[in-house]
């Protein structure tokens, strides 16, 4: 099962060449992860914050394959590749209206407790069960 | 030889946990590449643009190892790992004042001609010679 | 008649105090103007760009009245205060779920032709007619 | 006395028309205020945060007079127009290398205590004295 959202490419995303400036793609990726946590894992970031929990990104691999332009509407997909005790590695793919891949990659997030320092903290069983629904099935 | 710049972590870079929001790190990486092109390769982006040339990022790998906080001053380093006809792969590392690595990775850029489409175009000999100065020596 | 859109406050919008960093509010305002041009005025920015037309902001007044936090869903409203030959001044207001005003103000945009320089160019009659629908009625 | 900093226009600042996207100007303004607090008022934001103090922007007026382009180096100036108990209104002006005004305006900041709510808190005498150095003299 994939978690899927669409996002239009806007004026604020594009550079002088009229194509998306790549750090904006990563804001879009962060939005996708945020939506997945809120809508699929019942872990909205507003609630996480009250619990002094965060999920920083520790590893990122991206291949940018096709430029996206203002007015394009991208379909953003996310799925789970690996689930550790306190970490999860997700695959992602952004495609245009013709299902051409604009970018794809992997992102690893760690569940942490924020306080004096930042310490990894295992996902709860409930969150693990919800995350497992997004393992890619073949 | 490394290309090196420093950058202070500012209010605009940090998230609600007080640490740098990772897309902002990639804006800082883009600034580093931009400075390298302007100061070391004699290819300022303003000039590149007039020639309808761009250098989009096609591949990115990053490991985020240590959170950076407002007030930290990071040292950003960039060097060359591989030079193809129209592409260059650079290593990079951002470290804090104690030389602890905050992030490191590799980024691949392609020299392109912008027009009706986007086509790879070989670097000039002059640019190649300048890029080669930044191969990591052991 | 008001042009109205909603927008959730996201992780990327907030600062270390957990409230929206004000330049992000202005990105949200730009999105609102962009949506208004695309959906109400039949002037999507992708199309405008092909015609070498732009609508830069020349004047902005904002009062920030109430902090917005991650998880809030803001209602963004825009209406027309004044319509000149090549410029339009819009009022705007962003309110939270309890209809408390988070920010309000006025923004003036100018229709311009982009080329060697930037020159004001009158709106077409069709665009004027559509803009006039959004004058605030009392 | 003015507080003055320079800032180069970078790739990340400009839009598809090759001119600065105006929310980026306001990030540059926030950087200017941040530098003023750190360098002139001895109130670096990192230190302010530890004290649960913030200085949100409550009012902003900007006139955008001249487009700025990649490669331009702007001179950013800030001075004090009004000092209240817990608030300060500053004038600002960004000019290009030919001293042409790109933007100018006024911004009002309030010193607040962050906690369960957000409450105005008077500046200390030391901070007031330092702020007063930046009143515009005629």
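Assorted remarks:
All chains are identified by letter, namely A, B, C and D, in their written order; residue positions are counted from 1 within each chain.
The rule is short, and it goes like this: contacts are C-beta pairs under 8 Å (C-beta built on N, C-alpha and C of every residue); 3 or more make two chains touch, one makes a residue touch a chain.
Since the structure is predicted, the reported quantities are computational estimates derived from the model, not experimental observations.
Between A-D and the choices B-C, B-D or A-B, the pair with more than half the same contact pairs by residue number is B-C. Two chain pairs, A-C and C-D, are compared here, and C-D has more C-beta pairs in contact (counted per touch definition above).
Separation between the centroids of chain C and chain D, computed from CA atoms only, is 23 Å.
With centres defined as mean CA coordinates, chain C is found 28 Å away from chain A. Residue positions of chain D touching 2 or more other chains, listed in rising order: 11-12, 16-18, 21, 23, 27, 30, 49, 70. Residues 16-17, 19, 21-24, 26-27, 30, 49, 54, 56-65, 67, 105, 114, 118 of chain D touch chain C in their complex.
Listing the residues of chain B that touch chain D in their complex gives 10-12, 18, 27, 30-31, 34, 44-47, 49, 69-71. On the side of chain B, the complex with chain C involves touching residues 11-12, 14-18, 21, 23, 70.
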